[in-house]
Amino acid sequence: MEKFAKAFPSKPLAAKTAKPWALAGVVGSGNLEVLLERGGRPSDTMECHVETSIPGYKASWLAALADFAHNYPAGGTKVTINDQGAPPVLVNLRLRQAYDHLIKGDK
Amino acid sequence: MNTAKTTLRRQNKAQRLERVARLARGKFVSPDKVPEVLKRIIEPGDRLCLEGDNQKQADFLANQLATLDKKDMSDIHLVMSCITLPAHIQLFKKGMIRQVDFCYAGPQGTAVADFVKAKMFPVGAIHTYNELYARYYIDLTPRVALIAAAQADRKGNLFLAANTEETPAIVEPTAFSDGIVFAQVNEIVDKLPRIDIPADQVDLVVQAPYPMHLQALFTRDPAAITDVQVLMAMVALRGIYEKYEVQSLNHGVGFNTAAIELLLPTYAERLGLKGKICKYWMVNPLPTMIPAIEAGWVESVFAVGGEVGMERYTAARSDIFFTGRDGSFHSNRAMGQLAGHYAIDMFIGASLQIDVNGNSSTVSKNRITGFGGAPNMGCQPTGRRHPTKAWLKAGAEANPGPGSPPGRKLVVQMVETFQAGRVPTFVEQLDAAEPSIRKALHGVTPVMIYGDDVTHIVTEEGIANLAACRSIAERQAAIRAVAGYTPVGLKRKKRETEELRRRGIVQLPEDVGVRPAEASRSLLAAQDIKGLVRWSNGLYDPPPQFVDW
Amino acid sequence: MTRGPLFHEQTARQRLAALVDPGSFDELLPPPERITSPYLAQLGIPVSFDDGVVIGKAKIGGRKVYIAAQVGQFVGGAVGEIHGAKLTGLFKAAARDKVPCIVVIESGGVRLHEGSAGEIAIAETMRAIFECRAKKVPTIAVIGSDIGAYGGMGILSTCCDFRVMSEHGRLGISGPIVIEKWMGKKAYDSSNRALVWKTSGGKTKYLLGDADALVHDDAGAIREAIAKLLGKSSAVTLKAMKTRQKELEKRLKRFGQTADPDAVWKGMGVRNIEAASLASGPEFAAMAKRGK
Amino acid sequence: MKKPSSRALFAKLFGPSAKGISVEKSVLTGYAAAGGTKVCVIGTCDGTYVDNAAALRLAAHVIDCVEKHPKTPIVMLVDSAGQEPNRVAEMLGLASYFGHLLSCLELARRKGHKLITVATGQAVGGAFICYGMFGDRIYALDSASVGLMPVEAMSAVTKIPVPVLRKLSRTMPSLEFGAKPFALLGGVEEVWSAKEDVQAKLAKAIAAASTEDNRAELGKKRGGRKLALDIRKKVLAAAAR
C-alpha cells in the first residue's frame, strides 16, 4: 500500500450542491472509490488523500488530480480515494462521476 | 519456340501425381496414407502453401506434415498467411524450412520471437494479407497448396461454407500454374449445397478424421466491455462517425469497436444518426452487430471470413449478408480486403503500441505477431477516385496540396492510454524498432499502421485529429495531448494542448458533446451474449465457452 | 428494444437507488464516517468506506423499509466484522421498529481475512432475522448478482421470509470451485457455466420452490416483486415446519439420485429444456407453470 | 489433546442416559438427561459432512421434540467438518435444508425450548452455522476445533503467507483457530475441559440459558471482537433518528 496526500489549486466549488458528499466507484480489482466531500479548506484548493494498493505511480496520480482540479471548480472539496490498481483513466472517470453526483445529485 | 521446355512444370506435376496414384482412389486419399502422399508430392526446393489464417486452418494436413522428418521433406519455401498451429512451429524446429513468407503469427508469436532471438528464423518478409495473395501471382506462386474445405463431392468439387476466406486466393494461382492442390474436407457427400471451388482445380482430397479448426476469433462478449470503452465509443460516434457522416466502414476486432456497434441502436439512435451513418460494412459477421442489424441500421455486410455460431443468423438475414444460392453465408478474404482498401469511408481499429509519431505496432521483443489485414484497410488508397461525403470532408481538413487526392480515408486508432497491467499504450519508440527485429526483417520495422496514414487517434482523454496537424511537431503535441498519464502524455505542455484544443485538433469528450458521467455499460443494446441471442431471435448459436444458460 | 441497466451489473449503490422510491434512500453509517476494516488495513489490502455493504432507510411504493446491499466487487462481498455488524444492526432495528427489511445479497460468505469474526456476525444476523419474523416483520433476500449468495450468506438468505431471484442470481453454500475440487473436474467442471447456473441458478431454485419470485434482471422488476411481498410474512409455525419437512423429503426422494439438472427441470414440468434455458426469468416461470 | 470416542463423550455429558441417543451415519438424535433434566439431543459426530438428508433428520427430531416434549431443552452436539460439497446437494438446495433446520430450531426457541450447543469435535464453517451457532448459549470442549478454518487453509485461499497470519492472530484472535480464541470473540460462552464434570456444567448451562444473543457483548468485553457491538449500536441509533 502507498499513501499520500496533496492539495491542488482549484476554483471554488459552486456555493450550492445537491449533496454534501458523493461517492463513485467501488474498491475492487482494477477499480477504486472516490469520496468527494464539501468542507475541505481552504476554498481555493482541492485536498486529496490517496491510498493505493499499487505503489510507484505517484507521478501519474498527482498529474491526474492536478488536471482535475484545474479543469473543474473543486476548491473547498476533499477527495479521498481507496484504490485497488485502477488505471488513471478510471481515476478520472470516477472523479468526474463523483463531481457530477455532488453537483447534480444521483440522477 | 521450344515447347518441350515450357511445359516442364506440367510434366513435373503429372510425375508427382503418378507417384501417389496407387495410394489414392482417383483424387481421394485415406487419412492414414496422408504422410506418405505428402512425402511423394512435395519435392526439395518446393514453395509450399499451407492454408490457415487467423480463423480457419488446414490443421489435419499441417499436423500430418509435422510427422515427417527432414529426410522426407527439406529445403522448403513456406508461404502461408498465419503461423498459428504448434505443427507449423515443428516444421521450423525440424529444419525443413529454407524460407518463410507470411502475414501473421498470432498464437505462435512468442515462438516466432524466440526463433528471431536465436537467429533461426529464415523470414523473407512479413506481409499484409492482400500483399501476400498478390505475390502468389507474381513471385511466390505455390507448387503445392494444402487447403481446407467443409465438403467435397465425389468429383472433388469443394464447398467452403461460411469460411471461404482465403481458399480461392490460394487455389487459383496454384491450380493455374500446374501446382498441386490437396484439400482436407470435413465430409464427402453426394451433392454439395453449392460449389465454391470446381473439381478441376483440385488434385487430391482427404476426409479428415476431425473437422478443421475454426476459431471464434471475432466473438466479443458484451459483458466484458467496460464503462471506459463505452466512453470512448461515445466520443468516437460523436466526434467522428457523426461529424464525417461515415457510411461505409470496417471495424477491427476488439471491445472498443464492439462497444460502438452496441451503441448504435441506443445512444446513436437517440442522436438521430440512424440512416446517416454505418450503413455499409466490410466486417466479419460479428455477433455484436446483431442488435444494429435487427434495429435496421445496416444495409449490407461483406466479410473476409465467417464467425462460429453465426451461420443460421446470416442465412436468415440474406438481405444484408452475402449468401450463396444455397442460402448460406459467403466470405472472401482477398475481395474483402480489397473492398476495405478502396471502398470504405473509414477504418477504425486498436493497437498495442502507438509511438509519438502515430506509428502503431503489435510487435514486442517477446512476441512477434505481424500484420494480418489491418494495414490493407488502415492506409490511404491513393488509387481511389470516387468521392463520398466523408472522404471529401476528411480530405479538406488535411489541406491537400496540388499533387494529392482531394479526399482522405478516415483511418482511426482507438486505444486506451494504458493496456492491462498498467502497460502504457503510448511510447516514445515502438518495441518493433528493436534492431534485432529490424535485422531479421531485412531492415523493415514491422509497423502496423503508419502515422502518416492515421487521421485520428481516439483515447479516453479525447480525440487527436492528426490529419489536421500542419507539422510533425504539431502531430506529436496532439498525440501527447490525448496520451493521458503515460510517460508520453506527461510530457505535454499545457499551453500547446490548449492551443490545439482551441483549433479543434484536440477535442475532449465535452467538446464533442459527451458527458463522461453518462458513459455506462447500461447504454449497450446487449450487455451479454445471451442478450445477443435474444436480439437474434434465437438464430445466433454462441460457442459453448460463451454459454451460461 | 432498448433496455435499462441490468441489475446484476449495477453496483450496490446503483441498485439501491433504482430499487427504492427516488430520493428516498437515507444511508446509515455513510462513507464520510469512514468506518473501515482494521483487519484489511493490517493485511495491506485496500479498505472501503462502506466495508462492502451499504445500509439505509428508504421507501418502496411509499412504504418505509430498511434495506442493505452488498458490494460484490469488494472482497467478493464477503462478510467481515463491520460488514456483519451493519447487517445485524439493520435487522435488529427492523425488528425493533417493525419495518420490513430487505437484503440485496452479493457475497461468497464469510470474509476469510477477518476469520471467525465474520462467521459469528452471520450467525448473529440470522438471529436478528428471526427476531423480525417472530414479530411478523417481513424479511426479503434479493439474489440477482453474478457472485450470488454463497456460504453463510446463502444459508442466511434461507432464513428470510422470502427470496426474490433473477436468472443471474445463484443460491448455494459451496461454490463451483469448491465442488470441483471435492468431486473432481470430471464430475463437476466449474468452468462449465451452463452447468453451474443450472445447479445453483435462479431458475432451478425457483422450480424447486426455494425462490419465491423469479424476475427480470432489472431493478424495476425486482422492486415490483419486493413491493408485492412487503405486506406478507411467512410465520414459523409447527404446521408450516411439518409441511416444509415433507416437501424437502419429497424433493430429496425424487431427485436425490440424479446429478442432472435437466432431469430436475423435466421432473418439475419443464417440457422444452432448450427454450427454457434461453427464456428470461418471468418467461421461464410461466413455462414452468404451464408445464405443471 | 487426544479426542475421546463419541460414545465416551456422550457418556460424559449425559451419563447412562446417553444410551437414548442413536447414531445413524454420524447423525445423532435422541433423548437423554443432563443433571436430572430431560433433554432432546441432536448433533453430528466423527467430523462428518452435513448433507440434505442429515439436515432433514435433525429437523425431524426437533419437530418431534416440539410436538411431543414441550419445553424440553435441546442440546446440540457439533462434530462436523462442514457442509457436504457436492453438486447434487447444491442442486437440491442444501442451503434451504439448512434454513429449514434453523427455522425448526427457531420454532423450538419460541415455544420455550432452551437451545444449548456443545462443540465436541470439529465445529467448522457451514456445519457450525447450520445449527450449532444458532443455540441460545454455545459451549465448546477444549478438545474441539472451533472456528472458520485453520490458518493454513485461510492462507491457501487468501494467498497471505501463513507466518503473516500467525503474527497478526496474536493481536487479532479472530484469525486464530480454536475454541479459546473463538470464546474471546464471544462466539463461545465458555470452554470446558474434558477433565471437568461436563455433565454438571451442561446442566448448569441449561438452567442459566436465556434467549438474548449476548455474543457481541461478550466479544467486546473479552476484547476479541471490539467493533461489532458498537457498530450495531450505531446502526440502531441512526435508524431511530
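For reference, chains read A, B, C and D in written order, and residue numbers begin at 1 within each chain.
Definition applied: contacts are C-beta pairs under 8 Å (C-beta built on N, C-alpha and C of every residue); 3 or more make two chains touch, one makes a residue touch a chain.
What you see is a predicted model; the values in this text were computed from it and never measured.
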Contact clusters after notional removal of chain C: A, B | D
Chain pair bearing the highest count of C-beta contacts: C-D
Most central chain, judged by mean C-alpha position against the global CA mean: C
Centroid distance [mean C-alpha coordinates] between chain C and chain B, Å: 44
Chain A and chain B, separation of their C-alpha mean positions in angstrom: 41
Intercentroid distance (Cα basis), chain D paired with chain C, Å: 24
Whole-Å gap separating chain A and chain D, where each centre is the average of the chain's CA atoms: 46
Contacts with 2+ other chains: residues of chain B: none
Every chain pair meeting the contact rule: A-B, A-C, B-C, C-D
Chain C residues within the chain B interface of the complex: 1-6, 9, 167, 193-194, 196-197, 277-278, 280
Residue numbers on chain C that touch chain D, as the complex places them: 28-29, 35, 38-39, 42-43, 55, 57, 66, 81-82, 84-86, 88-90, 92-93, 96-97, 110, 112-124, 126-128, 130, 133-134, 149, 151-152, 154-155, 157-159, 171-174, 178-179, 181-183, 187-188, 198-200, 204-205, 208, 210, 236-238, 241-242, 244-245, 248-249, 251-252, 255-256, 258-259, 261, 264
Interfacial residue positions of chain D with respect to chain C in the complex: 52-53, 56, 59-60, 63, 66-67, 83, 85-100, 102-104, 106-107, 110-111, 125-126, 128-130, 133-134, 146-149, 154, 157-158, 160, 164, 168-169, 172, 174-177, 181-182, 185-187, 213, 215-216, 219, 225, 227-229, 231-236, 238-240
Chain A residues within the chain C interface of the complex: 1, 20-21, 23, 25-29, 31, 33, 35, 37, 51-53, 80, 82-84, 105-106
Chain A partner contacts - residues on chain C that touch it in the complex: 11-13, 17, 23, 30-32, 34, 44-49, 71, 73-74
